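These are the structures, in structure tokens.
The two complexes that follow have chain A in common; it is paired with chain B in the first and with chain C in the second.
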Partner chain A sequence: MTSIADELTIERRGHSGSAARRRTNFVIFLGPAVVLTVLFFVVPVVIDIAVSFTDLSRSLRISEFTTEQYEKVFRTDRRLSQVIGLTFIYVFGTLAIFNVTFGLILAVTTTAIRNVSGSFFRGVWLLPRMSPSVLYILLWLWAVSPTEAGLVNQVLMQAFGLDAPLDLLTSAPIALIIISNGFIGASMGMIIFTSAIRGIPEHLFHAAAVDGAGTFAKIRFITLPALRWPISFVTIYQTLSLLVSFEYILLLTKGGPFYDTTVYALYVYRRAFESGQYGYGAALALFLIVIGVVVALIGWRFFDMERLLQRPRIEVH
Partner chain B sequence: MAKIEFRNVVKRFGAVEVIPDMNLVIEDGEFVALLGPSGCGKSTSLFMLAGIYLPSGGELLFDGHIVNEVEARDRNVGIVFQSYALYPHMSVRDNILFPLRFKKTPRDEALAKVKAAADLVRVAELLDRRPSELSGGQQQRVALARALVKEPQLLLLDEPLSNLDASLRLSMRTEIKSLHAQLGVTTVLVTHDQIEATTMADRIICMRAGRIEQVGTPDDLYLRPSSLFVAGFIGSPPINLIAGEAEAGTVTVDGARFLVEGASGALTVGLRPEHLRIGDTGFAGRIAQIEPMGREILYVVETGMGAVRVLEQGSSAGYSTGEQVKIGFLPENSLVFETARQKLIAGAHVRAPA
Partner chain C sequence: MIHWKIGTAALLCAALAGGSAAFLAATPLFAQETVKLELWSRQDPSGPLRPGNVIKAAERLNKELEAEGSPKRVEVAVRESPAKGFDDDALQLLKVFGIGEGPDIFIAAHEWICAFQEDGFVLKLDDYITKYPQHFGTIFPTLWPSAKCPDGTYAIPQDAEARMFFYNKKLLREAGYDAAFVDAMPERALSGDLTMDEVLEIAKQVVDKTKAQYGVLHRPNKGPDYIMVFQAYGSDFVDPATGKLLLERDKLTAAFGWFERGVKERVIPANNTAMEFDALRKEFYTGNAAFWMYGIWDLGSVAFPTYGLPQDEKAFFADWGWIAGPAPQKGGSPVTLTHPIVYAIAADTKEPELAVRLLGHASAADLNTDHAVTTTHLGIKPEQLEDPRYAKAWPLAKATELLKITKFLPNNSQFGDLNGIIYAAIQGIESGRLTAEKAADFVIEEASSTLEDVTVK
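Presenting the complex of A and B:
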């Protein structure tokens, strides 16, 4: 039989011996993640900051270090306010209509119907996310083609008797970029909300039914309250990804007509790689990084995301 | 209050027939228990009463009206689930208030009713808390208050005590029973625990594999179990069942023999541990194990017909392991079953040879 003192000695010895092991474990387990984060997130930001203080342009030669790029951002670029306004409409519109609301509707409806049909419809809505973005946009280009061969025009002209084909890329480009992004974006919310709905104990729905709740009351009083955290998460995550992604817009409208669908991230791209103003692009990108961090922090506080993160269940040494 | 009737009720889930044909009448104001092992269809029956499941066939009647297609929310039943199923994001007050929300009860009246229901189950001081801040026993009371607040015509309890610790279970048993006496609401309790059923219910419906084995008072089931299954299910520690062959008034079991009256053929003799006495007469055996249970002592005795459980009153063991003893019993306490049909042979008894 060991006395308490013995046990304490064993414990102490164990702890001092584990200090070196703890360092090794840290390197083994966290090392790869730290290296990747530094390499692909920290280093690019540093390079971006450095480039933004140069006059790097198409010649790829730095002749001087300057703050002129920032003067441009704040003083001379008159297009910037329009771009920011559009970005707001694009991000907010896509989120509010598709990524959160429509994702929620999809999750609620596909979990309410029979499992087989529910999975089928969820599968259908996942397809655009699974297809390569170029292929997906090619289909869109065909669908909204301004000729009579375009899918939308075929439907409108044959089923609704429209006389001349519509040119949606010119007449409703903002709606198009919101819809084409939203069709993909909705599936992420759908999947997260679906799994959250599945996680609600069935007895709660049974209890609500016995207590007198109908379908909509069950959604309002049982489902939605249980989705508070997933909704917060999807909102923040999608805000950030919508802010920085532009490949669908680039492929579909190339930011046009003129600058009508050029959101901030695409504007950075066009300035840097189309106009060859690398220094200016870097300065603009820096603001995107700052905005991203600010949005993430606001979201973190506003939605109380910290409560989402659970403490580890085991003690790690 | 309502009188409940199952008429040839069938419940299928896909191709699986969980309840083949159920017939049962529960009188107005009665407290009945659906008792059986897990998977026997007792919870399914309860959920059909609640309207959560709809019967696949037959008729379910409340006060003579067929309610097969009536939705859960229109049945005016209260239910307490095994997990309590309290709404996690609502305060206790809102939880209890929830059923009244859909009855369009005026706010003041509703709050008064919530207060009354909370007082009834003694959770009045917890109204502002969340379910996660309550102990198991408190959650269970809140669930009861929520079930009772709308003054249901039928109260359903689905294994309400199984998540409570032993001492709390005992006091909740008493409380639920006195609540029933006070309110007089028709109550159906689902349980797999025979003690819960026998202590609380006026009548017990013992179920097995979707069929009703026996309906009766706790005494009926204990003293006159209609089948081997009921005999084995009711009583703790479980009854000794000894299979043998009867010929010319004698049952022979391996080495031992009983004298039997009123039966012949393949029989199973049932002897409850509490009816057996260790003494000078009866069949012989050797004490293999002693299990003190507080007020009583359980002896496991090795005999010619296998291990037999004997329950003796008293807190200290009068015999020791390995001792040779004789086990006797009163013939009127013995039960005799037909082995093939597993049914009780009424009036048949056995006695140990002198």
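Presenting the complex of A and C:
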């Protein structure tokens, strides 16, 4: 028989043991993530802010601390509005056409057909993502080459009787960067949506079939509602990803012709690394970070992501 | 006893003296000091002997040091940069100097030298050049301005070349021009009788009347050649009175107008800046373009070895040729551009004297001729002209004629950035995004907002 005091001691010991375990678990499981976040996000942001208040230029020397870079951003840089407008078109276009819509179409169609065929087509659409970026863009450069040797021109001239070769890099550069990025981006949505569709209980489709629902009705009333959370996640994640990525654009169009495909992240790169204006590049990059955070918060609110992260109300056994 | 002592002492003295002599004789061997000089050089197939000659020069300098009885010996370590062009290379090297990891000696395009000078990275050479006339005394005086910044000389010219409009005589004849007209074009260009617009007109005839697809092609990246067009229309980009960047709207508009007319007449392709360098060369050297705006070394580097253009002078000029950048209007001044590469020494090198002497040997006429004849670059000294190998390399002798009217890119620390803006504007015109007037506005706005001390007229 134990006294109340003993029970309390055991409970306290138990609690203190559990608290210690919680702390240990925190260090083990979250520690690496915290360290990585601090090292690769917080520290770079702090450095970026510091650099943006200097005149750091091509010889990496700082002679003064100044707000001159921000004056340039707000007053003298006349390219910026065009660059921001283009970035919006690029991000929205790629997201709306490929990363979400086309990813969704791929997921729905490849899960609706036989499993072997579905896996094959998903595999095909994963190839752009698996290819090294330089190789992928080299294939694009061959495909859209403005000569008769280009794949697109070969098809158009031989199959459709086009007279002169098309020069898509000059005449439709924005469409090209959206398509080339979209072919890669669509595969991520495809995988996530496929996985979500697979998670929908089979009996719902059978029940719907019994009720007389056709293919489109099943998609409309069962599949799409079940994909709300994955769609929200893919939209927010890919928006942020597209905002900061520029390597495919740099390789394909070098941001041109003129500034036609210079999206914001590429503009920062060109200013900082091609012109050696590191201080100015840092100020521009800071705005990219701010834009990213704002977009993420809006997305969080708009898609009500908080509810996604809540515990499920029903425990399924 | 005394005799014995004297004898012993004498013997000891002799032994000591002999030992000392032997020790002293051996001393230089033990005390030999190896001075490592690091050389920064871009990996550049169009000039492998730029660093190669410095390595050979070390052997010569070491023999000289040995003869002088100096304990020092020089060893050159080459640090190759993979930059795709001299602009990228200079930007990279500025960063390397900025973090205190700079080399002792470097090779750069001349227009960047004042950027290094402004940040105190490069050694002033005036006194050394005067001190070693045997090395630098005969370098062509016309080349030295390319190595100067406002307060003195900071580099040593390594080579020179000539930029021109190559042309395909065969295509011009096919387009209906008679042989006499075609062959007289170089002379007419030099006399100011052939104009920039006439080049477009001839190119248009070629595009209209032959199977050739292109009239005039130019480089697809930032570089010096197209600056020739701006110089022809009067833009020198630097105010001679102040040394500051100078942008003159009318002159810029006139030069951009030439590109605009070229694209409008379908003579310059709208996608010239989107094409690959090798593709452009292929179009010209395989007879699909009338003119190619580039430099003399292209013959030795690409045209002869890759496309099999005749290496015999007579055979070459039967179907190919080149002209200086023509005058903007009849009776005006033609122009060519030379773009010397220079050797320079770091301001903080521990052995400036040895570095200067090393570069002096690297600038020897025979070594420079090795570079000149193997890469079709022009030499830096008159004595090279007497070298039979140089005389045999006929493109060099022919291109030297253009040096009479040649100009340089301005040695302004910001010109590299300005050139990037000019190139973007050319791309804007050719792709139909800008008119000539808008392109001039764009250059002035961009340069005024991103560069310092720009004078606009």
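Here is the rule we use: the second predicted complex is superposed on the first by the 291 of 317 C-alpha atoms of A that agree within 3 Å, B and C clash if a C-alpha of one lies under 4 Å from a C-alpha of the other, contacts with A are read in each partner's own complex, and residues count from 1 in each chain.
Here, a residue touches a chain if its C-beta (ideal position, glycine included) is under 8 Å from a C-beta of that chain, and two chains touch if they have at least 3 such contacts.
It should be emphasised that the depicted structure is a prediction, and the values quoted were computed from it without experimental measurement.
Chain B and chain C, once both complexes are superposed via chain A, fit side by side.
When the shared chain is aligned, chain C comes close enough to touch A:Asp167, but chain B does not.
Contacts of A:His203 after superposition: chain B is touched, whereas chain C is not reached.
In the superposition on chain A, no contact is made by A:Gly292 with either chain B or chain C. Angle at chain A (Cα centre) between the Cα centres of chain B and chain C in the superposed arrangement: 150°, in steps of 10.
Of the two partner chains, chain B is the only one that A:Asp211 touches; chain C does not reach it.
Residue contacts after overlaying the shared chain place A:Gly118 against neither chain B nor chain C. Of the two partner chains, chain B is the only one that A:Phe221 touches; chain C does not reach it. Between chain B and chain C, the shortest distance over C-alpha atoms in the superposed arrangement works out to 51 Å. Shared interface residues of chain A (contacting chain B in one complex, chain C in the other): none. Chain contact summary for the complex, chain C toward chain A: residues 91, 94-95, 97-99, 115, 119, 121, 270-271, 273-275, 279, 417, 420, 424, 427-428, 430-431, 433-434, 445-446, 448-450. Against chain A, the residues of chain B that register as touching in their complex are 47, 50-52, 71-73, 75, 77-79, 81-83, 85, 87-90, 98-99, 101-103, 146, 150.
Partner chain C is touched in their complex by these residues of chain A: 58-61, 72, 76-79, 146-147, 167, 169-170, 253, 256-260, 274-277, 280.
For chain A in complex with chain B, the residues that touch the partner chain are 201, 203-204, 206-214, 217, 221-222, 225-226, 228.
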